[in-house]
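Heads up, the next two complexes both have subunit A, just with different partners, subunit B and then subunit C.
Here is the complex of A and B:
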């Protein structure tokens, strides 16, 4: 398992691996919103938590279609399926590698982008915590979507259509944590719900992903 | 230890392609599969490797014993030759990367990125992967594609070495590898007919 994680991370950081694409995309989406809304500091700070979450969601989505498709094309997915590593574990590790290369950088830069959107200072910690708790779910659900669409030519769009509705609960509670945090309200209920969703998908999704991948590899 | 296939019926895309297959391979033996293009050799090998379910019959002795090599080599273009092999060695919990590199004459290419290799060199690297799996049954689908004469000989030597240590090999190939006592199994006569019972009806949609 460690070997697979290290390989995926190494591939992500080498040329053409796509590390940083999600981050740059996140930055651009947030800047575009700031430009589109214009110089209305009060409005910007109200929509900041939601905009940061939408940006993180789309940035995560951007790299999902490469998650399994590359391994499928060069045949290593077939070989992994016949290796001693259970497919459920292999997919969990790949989701983890995706989160480290895509989700984690978003968590780290979110407060900095919060400044661009005039997010109130007390919200910085909460947007970071909300993304930290919520983005692992995005990677794990995304792996499931990638497993469904693996082998389909131009599966990227289909993948987005399948995965985005599944992101809704995470988005609702994640944005709620960030919004309440920014307004100085109590965040415990949405934060517990967000963590519950993340732990739930971490526990169940790998089995679903492995099952659909086995069907797709036939 | 024996790989036994009994009355096996296999399907591709829900349609039966081969039916009533039975054979056995035991320690130190190689079985060469022959048959025209589209006969179902790849489907048979994928079924034995466990990548798909047979629609009838049984395979025994294959569980967790198989090293599978298909048309695609499963190489990562941005990893070096050595890194590719080290990854698979670690996944299978083995070492012997150096020996595998030497066997397939890849020593000088060890630090090159796999993406910069020629087709034949990539294939040699793909076959070298078999040596770091430590698995006793090699299931190989057209292993000699794009290999030159010298490399085919290297490969045949590797197979002989594997058989000599009690391994087995199941190879679909069209060329003569020069393996002295390999049995040849022609899948042609086992082609499924219209009355071969089909698998579950959902197979066609999966």
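Here is the complex of A and C:
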């Protein structure tokens, strides 16, 4: 498991692995939103939590189709499937690697982009916590989407159609945590719901992902 | 005599040929009676005027939009557990019917909402969850269309249907949490038996609901038959191409 994790991380960090693309994309989305709605500070600060979440969502989505497709093409997925490690575990590790390479950097830079969007000071901690709790769910759900579309040529668009509706609950609770935090309200209910979704998804989703991947490798 | 014998396509086609004429007649009669009665022979509501009559389209279609997904879920489970092809094809056949029902419910709701709420669309929990359901239907159908091998397509869409059901329920609660509702609660709570719809409106509504249910059944039977024949044709063509 550790070897697989290290391999995926090394592949992502190596040149051409696409690490940092997600971050740049995140930055561009935030910048474009500021261009689109205009530079009024109070408006930006009101929509900042939502914009940061949308940016994180899209940046996550962007890197999903390379999550399994490359391994599928060069045959290493077949090797993984026949390895003694259960496919469920292998996919969990892959989701973890995806989170470390895309989710975690987003969490780290989100406060910096919050400054650009004029996020109120009390919101910084909560947007970071919300993203930290919510982004693992995005990676795990995304792995399911990637596993479904792995055999399909040009499955990228289909992948977003399948995965984005599944992101709805995470997005609602995540953005709610960030919004309430920014306004200085009590965040415990949405935060607990968000954590519940993340843990539930972590526990159940790898089985669904492995099931569809087995079908695709058949 | 068990239900499972209809897993055999020949038996299923035989059954659907026997049942379909009755189903068509009954469903069209019910839908026509319900709608005509509802549109022309019920009084106008004293506050809503004649806009109340859209209920005869809106409620039955919304009901069937959700039930169609349940039927797909059931059919997908049967396919995953017992591997009956008819079941997978029935799920495939039900999706377009369900998506049409969803669209009818959304459009009629918007038409009613414009004079009554003063807006075509509100980000209300019920409206939003229907929109999400619509997206799930689209994704499901797109996945069926994208995969060539019929067996893996059936497997993948079945798992997607299962996962989608869980997330549809989750989204429903999340959306409830997210925004307070503008949409009224159910008019016909089955459990308590107290309904907020007067008798004059209620009888044609029930007839229309039964009619939509039967229409859905008839359409699914019909479309499943078409899918079975389509697959047979493909098999025949493939066999001919080989010889």
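What we mean here is this: the second predicted complex is superposed on the first by the 218 of 218 C-alpha atoms of A that agree within 3 Å, B and C clash if a C-alpha of one lies under 4 Å from a C-alpha of the other, contacts with A are read in each partner's own complex, and residues count from 1 in each chain.
Definition applied: contacts are C-beta pairs under 8 Å (C-beta built on N, C-alpha and C of every residue); 3 or more make two chains touch, one makes a residue touch a chain.
It should be emphasised that the depicted structure is a prediction, and the values quoted were computed from it without experimental measurement.
Trainee: Let me test your reading of the model: by the given contact rule, A:208 touches which partner, first (subunit B), second (subunit C), both or neither?
Mentor: A:208: touches subunit C, not subunit B.
Trainee: Using the touch definition from the top, say if A:54 reaches subunit B (first), subunit C (second), both or neither.
Mentor: In the superposition, A:54 contacts neither subunit B nor subunit C.
Trainee: First (subunit B), second (subunit C), both or neither: which does A:165 touch?
Mentor: Only subunit C; A:165 stays clear of subunit B.
Trainee: Kindly classify A:83 by the partners it touches after superposition: subunit B alone (first), subunit C alone (second), both, or neither?
Mentor: first
Trainee: May I ask you to decide whether A:14 touches subunit B, subunit C, both, or neither, giving the answer as first, second, both or neither?
Mentor: First partner only.
Trainee: Examine A:74 and indicate which partner it touches, taking first as subunit B and second as subunit C; both and neither are also allowed.
Mentor: In the superposition, A:74 touches subunit B alone.
Trainee: Which partner does A:218 reach: the first (subunit B), the second (subunit C), both, or neither?
Mentor: After superposition on chain A, A:218 lies in contact with both partners, subunit B and subunit C.
Trainee: Is A:31 touching the first partner subunit B, the second partner subunit C, both, or neither of them?
Mentor: In the superposed model, A:31 contacts neither subunit B nor subunit C.
Trainee: Look at A:190 in the shared chain and tell me whether it touches subunit B only, subunit C only, both, or neither; answer first, second, both or neither.
Mentor: Only subunit C; A:190 stays clear of subunit B.
Trainee: Where on subunit A do subunit B and subunit C both make contact?
Mentor: Residues common to the subunit A contacts of subunit C and of subunit B are 215, 218, listed in rising order.
Trainee: Touching residues of subunit B toward subunit A in the complex: what are they?
Mentor: 46, 49-53, 64, 66-68, 70-79, 83, 86-88, 90-93, 129, 206
Trainee: What part of subunit C is in contact with subunit A in the complex they form?
Mentor: 132, 135-136, 138-139, 142-143, 146-147, 152, 155-156, 159-160, 162-164, 167, 170-171, 173-175, 177-178
Trainee: Help me check something: in the complex, which residues belonging to subunit A touch subunit C?
Mentor: These residues of subunit A touch subunit C: 144, 148-149, 151-152, 155, 158, 161-162, 164-166, 168-169, 172-173, 176, 189-190, 193, 197, 205, 208, 211-212, 215-216, 218.
Trainee: Write out the stretch or stretches of subunit A touching subunit B in their complex.
Mentor: 2-4, 7, 10-11, 14-17, 73-76, 78-85, 215, 217-218
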